[in-house]
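Listed next: structures, encoded as structure tokens.
Below, chain A partners chain B and then partners chain C, in two separate complexes.
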Partner chain A sequence: MGWLSSFATIFPLNNLGHYLHWHFLLISRSNLIVTILMVATFLAALFLPFPGRRSRKENQ
Partner chain B sequence: MSTKRFRPDVDAPEYKGGYSPYDIIKEGTIAIGVIFLLTLLLAILFGSPDEHAITIKTWSNAAPIDFATTATSELNGTSTTGGYGAPYNNASDGPALGPIHVAHLIGVRIPINTVKDFVIDPLKSLPNQPVLDQNLAMWASASTSTRSTWIANYTKASANMKFTDGHVVVNATDAGPVPVMVDSLTQMARSGALDQALVTGSGFYTTDFTKPLLFVSDGTYLADLATKQHLSGDQWGMMNETGSYPGQAWLWLYSFWYQIPPFNTSGNADILILGIMLLLSVGLLLLPFIPGLRSIPRRTRVYRIIWREHYQNLK
Partner chain C sequence: MSTTEIDRQWTTRLRRRAAGKLPPEKLLPDTQPTYVASWIYVFGVATLSSLIVVIATGCVLALRGPYWWHGSPYGHFVNSLHLWSVELFFFAMVVHLWGKFFMAAWRGGRSLTWMTGVVTFLASIGAGFTGYVAQTNFDSQWISTQAKDGINSGGVGAYFNPLDLGQMLMWHIVLLPIAAVVLTGLHVLLVRIKGVVPPFDESAEAAQ
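Showing the complex of A and B:
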């Protein structure tokens, strides 16, 4: 499983994290990335068309 | 006969449009399958945090003076556990929600006498220690005031505590058996025997780690490690994970209160914030019954974005 250990070298998550500090707000970079991904998923769910809509339209 | 007035935030208009089949079981199965595969893939690629457990052995070897200073605080009653109150002792009132002292309602359910449980009893369990046994006998036969004097003298001198050649050295006068007790406890801790002595004794299965965890948390070693990893309460620590792993981002609101006045300076913050979060949770549960708030989805019209095709067809 050598490729797994080389992947861990690219993303070494056991090292101390990076934190963004602004006034009393303190957030880790990884938490910020996850939060952005969650918001992006929510927006995608809102604005992307339902899967299968085109085929339904064609059938109509 | 009067017609009942239509209330837009409570009543649903009768739907007169068309219907189309929708397989929610199929969608749920696909969603769970995708989540399962994503979880598996991310676990294979990134693994999970693998911090070694902090034991009394690791602590006392890494920071023997901090351990011996904490052992002294267990003797003189100034440790966090010693002054905690319920459920461990009656040393303080504990957190209060208005006039209600919540800890009092629970009572002393896990009685801990820091002198006896953290120092004397573990030392008694050490075999073949004639010098220590003599000192423990001296402790046992002394009056309460004599013990207090010994501890006070040792505590005063421990400001200049040193750790030399594997021993705790404190130049204390009239401290009775306390220097031998603290040094022996430190030796015991460094060997790993204190971890065992504090865990065992609570039944056949040794799964009760209350005492060693409390002892470790009374020192500054664990707190320093937590601060380094951004896990302290004033660092939004509830949301964070060790290393660079993403943490519990969904606890942002719970963590938020700890960062602002008056909670960030209150000794009562835990119970106050628990109360606020309980209130907010009840509010969320009762949202359909709260006028104004229950109209937010109708007024923001986000549903019209989701079902935009349907509303376009209506035009």
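Showing the complex of A and C:
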């Protein structure tokens, strides 16, 4: 359980959520983090080279 | 039986139609057009793979029951696998749908592929919601009592009642999983029938 409890200290999941609020926008910190990660994953999927793509072109 | 009679049989007609639309080499192809070699095409299969883990862990939870998933370390573990595969499922599905949106992947007669995706997304949100209210803990009590007012204001509370645990559980473990799996099956078959949509600047023949 040692590493599990240190995980819990870094990511405490057992207390009230934090919310960010600008004007009419209200979002929990975790939802904002997930949204940013999704956008980052989307951009990475578009721009990172796909393994094997070049060699496939050479074979043609 | 004469050959014309055989031709008219529904089994014959159905077989010919199915084989014409989806010959084995289209159903399980060995190559794909070069433009498919991009990470953005991985997210459909990532969604599919997470869905398989969601269903498999959900089956284990159904067999062992709430005492087990609330009360034992192994139960907690499978419960967490179920939750986190759902998180991954939605994550991958959203990246997948953004990808398909920006490449307008409904082009070339693929509107049904897009629409089956839309309906699967809606069914999955319903499955997520009913899953949260089926946890049988304080969290699910809180969510269901908050949600009932929203559902009632939509006038459908008599048919879909978040406070009725039995009904929510049945939606969660019977109706919505069946819908999600059947729709996903149709979705993937449609992708196979139509072939992957060519990029905007690629000719239609390249898609074959």
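Simple rule for what comes next: the second predicted complex is superposed on the first by the 53 of 60 C-alpha atoms of A that agree within 3 Å, B and C clash if a C-alpha of one lies under 4 Å from a C-alpha of the other, contacts with A are read in each partner's own complex, and residues count from 1 in each chain.
By our rule, contacts are C-beta pairs under 8 Å (C-beta built on N, C-alpha and C of every residue); 3 or more make two chains touch, one makes a residue touch a chain.
Small disclaimer: the values here were computed from a predicted structure and weren't measured.
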Touching partner for A:12 - first (chain B), second (chain C), both, neither: first
Which superposed partner A:48 touches (first chain B, second chain C, both, neither): second
Residues of chain A touched, compared between chain B and chain C (which is higher): B
Touching partner for A:36 - first (chain B), second (chain C), both, neither: neither
Contacts of A:20 with chain B and chain C, given as first, second, both or neither: neither
Residues of chain A contacting chain B in one complex and chain C in the other: 34, 38, 46, 53
Contacting residues of chain C [partner chain A, same complex]: 34, 37-40, 42-43, 87, 91, 94-95, 98-99
Touching residues on chain A, where the partner in the complex is chain C: 34, 37-38, 41-42, 44-46, 48, 50, 52-53, 56-57, 60
Contacting residues of chain B [partner chain A, same complex]: 44-47, 49-50, 228-230, 235-236, 239-247, 249, 259-260, 302, 305-306, 309
Touching residues on chain A, where the partner in the complex is chain B: 4, 7-8, 11-19, 24-31, 33-35, 38, 46-47, 53
